[in-house]
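Look for chain A in each of the two complexes below; its partner is chain B in the first and chain C in the second.
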Partner chain A sequence: MKSRIVPLLKKEALHILRDPRSLYLALGLPMMLLILFGFAITFDVKNIPVGVVDLDGTVLSRDLFSRLHASQYFDIKFFKTSSADVESYLDRGEVRFIIIIPSEFSRDISAGKETGLQLLVDGSDSNSAQVALGYMAGLVQTFSAKILLEKVQRSGISIPLHLPPFQIEPRVWYNPELRSTNFIVPGLIAVLMMVIAAMMTSLTVSREWEMGTMEQLIASPVKPYEMIIGKLFPYYVLGLIQTLLVILIGQVLFGVPFRGNLFFLFLVSSLFLICGLGIGLFISTVSKSQQLSFMMSLILTLLPAFLLSGFLFPVASMPRLIRIVANLVPAKYFLTVLRGIFLKGTGLAVHWQEVGALFVFAVIIVFACTKKFKLSLE
Partner chain B sequence: MICIEVNQLTKQFGRFTAVNNVSFKVEKGEIFGFLGPNGAGKSTTIRMLCGIIRPTSGSASVGGYGIDSFPEDIKRIIGYMSQKFTLYQDLTVEENIDFYSGIHRLPSKLKTERKRWVLKMAGLMGRETTLTRNLSGGWKQRLSLGCAILHQPDILFLDEPTASVDPASRRDFWDLIYDLSDLGTTVFVTSHYMDEVERCHRIAIIYNGKIIASGSPKKLKVQYTGNSESSLEDVFISAIKREKENEK
Partner chain C sequence: MLSVIRHIIRKEFIQTFRDKRMLLPLFVAPVLQLILFGFAATTDVKNISIGVLDYDKSRESRALIGNFLNTEAFRLDHNIGSIEQIDDQIQRGDIKVAVVIPSNFEKNLHGGQNTSIQIILDGSDANSATIVLSYIARLLNSHSEKIMTEVLGRNMSGLIKSQERIWYNPDLKSSIYMVPGVICLILLITTLLLTAMAITKEREMGTLETLVVSPIKPWELIIGKTAPFVLIGLVDIVLILLAGKIIFGLPIRGSILFLLGVSLLFIVTTLSIGLFVSTISRTQQQAMTSVLFFLMPAMLLSGIFTPLESMPRVIQHLTLLNPLRYYGKAVRGILLKGNGPEILWPEILALFLFGLVTLGVSSLRFRKHLE
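Coming up: the complex of A and B.
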């Protein structure tokens, strides 16, 4: 007996090839979004605009200033000797914080009195303010240690001690320069693949509902599983091409290393694509208009993939209940594996749990679609 | 031989009863017309018989198969042409034909033969590579019919097949239906055009989900107007009048 799947596949391929919009949705859009977001989303805080007010005007305060100046983290926007009207720079957002060196700075230090640096911080962007404060604290600590050491030396006491007594000697693995791009891009690939996959299938099926061709198919001897394979497979192939493209962009444009096994990537991507395409198919059994399908697939895939997958916020630091929900998001597993493949070069031996979870998801969603397709005859 | 048998078939959508306790029989080779205004329950009945939706209660069999127990068998022996034009507009004439003969698993030899037959019947010889969306209404409709009968079904369900075509195409279309009936195909057709239903062997008038009259056009005319020369329109009006009186 001839298979009914072949004509279904052929038909779907013709739809895709004749409709430039679907090709754009599948290939153009993710590439564009990856390029856009890849450049826009960064956690690296460098060249923070700051202002310096030096009320002291001594050698010591100049020394501190030159240290700030030499640091690549700070970009000094102004240097003043009076604090009049400096807050307006914060209001206008021209600087992130203002360092005020008090007038008794040098004198207090010489006298051995406690003294402080005033820091006016724009906390509206709390994340980068925190990072900037961290840099600043580090800088001040080194500076204080240096002053202490000089004092001790000048007093003639010789102590066999290095100041500060000990320091961290970090050796960062996998991403030695701590580029946030290396962290963002693999995550972004997972988010984009999920959203686009769900959208592709949900739109193509709801289009058939809108056109009335679905009714024709239901009245024909086509079986639900044939229908599902006929819809999934062409978009699966398209999804793989899309995956390959975005990974190439990640490497070529963003310089994200690829240290893992290509075949393992293919395997995991396949499972993940089936999850995404299946979710789309499931949506289309509920929603029979393209507009609703579009909205539903956007909300049901984009939000979880963005917020609960660990793309931006680590799942481990979420509240317990949210963590449980996050475990139901396929993108969470795929993202972990992708970061592993890209940065660590890890394979199935490390990621078998995630691969297992994706496999279970894929099976459940395809099974649910087959069931639901029968019921949707109503 | 009875080909379609419907017993007290009912379909409710929520609290709305679309088809109310409908029973009728259709003989093999017959052209059976289902006449009624829009929203009377014609499409709902057809869609239940084709296995697209399930009845709320009652039973029916098509070609000897119960619609509840053997919907897959029914789907193999019927052809269905829905009210909407349901071919793929972005596919060419030939691609649509190939698709439908593919999902009916026609053997290659028969496939070529049937394709030629459909192209000829629809007058689309030489237009195989035209995109379906660029065809005119009459052509689209004949191509739809062609795709619905590629697999030579025993029973053909046509839901308002001539709703959007010009009178000349309608006449041609009915000639085709006659040819099919002569070859032994049972045709179940819905319409709200009185003149074309006149050409059916037997008709049932459906109103508000209920069958209010059925029989051959001639018999109905005598029964409802006392005159075999009167029009079906008169039959229709007087049948509805009687129904309303009965309700009171």
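Coming up: the complex of A and C.
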């Protein structure tokens, strides 16, 4: 029996090696994505293009302008003293918002009246707009507190209040600088494993169906489980190599910490790979055409791994129905464990629930595969 | 000549839809993707589990905590008694944030003394931690403003308020922002990937040779093979627009005809790239691999999902070579802002040039390849 698996293994490994492009995919894609995410993709909002219209033209309004200018969050694209035709900048998307300082700005402030800055905001990119408004609100608050403090000092009244009343002291654990590579790298492992495991296996098996070579294999004395192992094992190894590669690059290039246990990582990764390989195999036995397999694995594995796992977007903030669906995505559990292992150094004691869920997934998918595979053999 | 093309188109249609299950990825998947992106790809702060450790237990500290209760952003589900408990619960991921109020908070506040509130964050998800932190900062800042006005009285305050007028997407719903992005994504996948795989399939099966020896001219073959996917792509756009309008209330401010026209221009580029991929691939697996290599950076560096201006300068210049960048801007501009050609002409020009160059290069390669 053993001797029958080995030739199958050899054949599949040869397939992978003979076509170096799938190897590039397996080994090059992680590097490309890591570098892209590490250097180019940030969810930080910086250099927000803004425009300023100063209708006031006083020392105070110029003070506000210089604060905007000095802030690293804003990149001032234009400065005008009249509000004529400024809307067209928003239409063309050249600025994200326009700050209009009203003509009575300085007068109202000296009179102790509440005064309003007008913000014209391009809300189409809602996420960036929200963050940008947050920065703007912070800047205005500091400015307003400073004016207040000066006024109180000038008036000479002693007030029973420290300005500002209290300070906020943020402490960030596990990732003190909030570097996004630190949370991208563990997440990327989950996404990439899904690509390798589900996509590539679904393609190789459906290729056998498409080429008609599956019938030959069926007619041979190879047993279904031998065939499954022979087909899947090379991709399993590839997946593990990829994980090691990502850890290595993450550490060398980006200094991502690895605080947990490597053996535990290997264990959980294996469990997750079995899920991914199983899903890929299942898709291919159902679809039997490469085009369909590819589209299905894109929809059933890659997209959920990207969107519903918490890789980029927090699951807790999603609507209830989507949260329920997210519970059916193995990548979600794997990702939680990965972040724990990398950044918190946690182990099985903390993550037994996630590991349990992955185990259940693996059992179900392997069972479904053998069932379906036997059926399609007959 | 035209009838030759028509026959190939018919053949391609029959081949694509002979497998009824193909309808699923072609028409159901776009809508599914739309729903996923619209609902899931959100960086809004909602339902974040927060723990509060109140050493002070005073009126002021409770007033402060009240700020976290009256919003749907936070879920206060753990009453915490000690700092060790915070440690434990953050490690297990039960809470993402903890607020620690020191024991003499009220006394210091009323005594005019400096006091501070500690915010402990789980930074392992740096993305949402940043957003949560800025959200909390805003919440506490306005609380501190309230205290100031209470103590100083109205006439002393002279506070500056910002009045925000938000255009195009007044509720700042991220789904409205995502729908145009999904259109770009679906169009890219259906046209680029499916053409690359369809042509490579003929080669893998050995039927391309049969077609070559037939009297069909290469350009007829190209049009015939790609036209069905152009049509599918356009149908998908309309489908997504419809679903986006019904499910998310997407505003359609510009002309749909103009949108379809710009899309056609973009499709010329994607089809040409698909054709190019087919000339460098022998198997469908290879074609898929090559497409992924193009697709991933093109998507990530397009400004569709993350703002371009936050990227490093060098990368920003690099994105000028990405056709998706122009198409993404055009789709958003047409749908959300009602932009017309008078504003989008630079994008149209760029897409036209991309189409010209890629079509030229890939059809040359394809012809040489056939010979």
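Everything that follows uses one rule, which is that the second predicted complex is superposed on the first by the 344 of 378 C-alpha atoms of A that agree within 3 Å, B and C clash if a C-alpha of one lies under 4 Å from a C-alpha of the other, contacts with A are read in each partner's own complex, and residues count from 1 in each chain.
Going forward, a residue touches a chain if its C-beta (ideal position, glycine included) is under 8 Å from a C-beta of that chain, and two chains touch if they have at least 3 such contacts.
Model, not experiment: these values are computed from the prediction.
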*asked:* Per the contact definition in the header, classify A:Leu14: touching chain B only (first), chain C only (second), both, or neither.
replied: first
Margin query: One more residue to check, A:Val6. First (chain B), second (chain C), both or neither?
Written below: first
Discussion item. On the A-aligned overlay, A:Gln72 touches which partner chain: chain B = first, chain C = second, or both, or neither?
Written reply: neither
Q: Return first, second, both or neither, reflecting whether A:Asp125 touches chain B, chain C, both chains, or no partner chain.
A: second
Per residue count on chain A, the busier partner among chain B and chain C is C
Q.
If we overlay the two complexes on their shared chain A, which of chain B and chain C does A:Ser82 touch? Say first, second, both or neither.
A. neither
Chain A residues where the chain B and chain C footprints coincide 19
The answer for chain B against chain A in the complex is residues 47, 50-54, 72, 75-76, 78, 80, 82, 84-91, 95, 98-100, 102-105, 107
Residue set of chain A touching chain B in the complex reads 1-4, 6-8, 10-11, 14-15, 18-19, 211-213, 215-223, 377-378
Residue set of chain A touching chain C in the complex reads 19, 21-22, 24-25, 28-29, 32-33, 36-37, 39-49, 75, 90-93, 108-131, 133-138, 140-141, 143-145, 147-148, 151-152, 159-176, 178-180, 182-183, 195, 199-200, 203-204, 207, 287, 289-292, 294-296, 298-299, 303-304, 307-308, 310, 312-314, 316-319, 321-322, 326, 336, 339-340, 342-344, 346, 350
So, in the complex, the side of chain C touching chain A is made of residues 19, 21-22, 24-26, 29, 32-33, 36-37, 39-49, 90-93, 96, 105, 108-131, 133-138, 140-141, 144-145, 147-148, 151-152, 155-174, 176-177, 189, 193-194, 197-198, 201, 281, 283-286, 288-290, 292-293, 296-297, 300-301, 306-307, 309-312, 315, 329, 332-333, 336-337, 339, 343
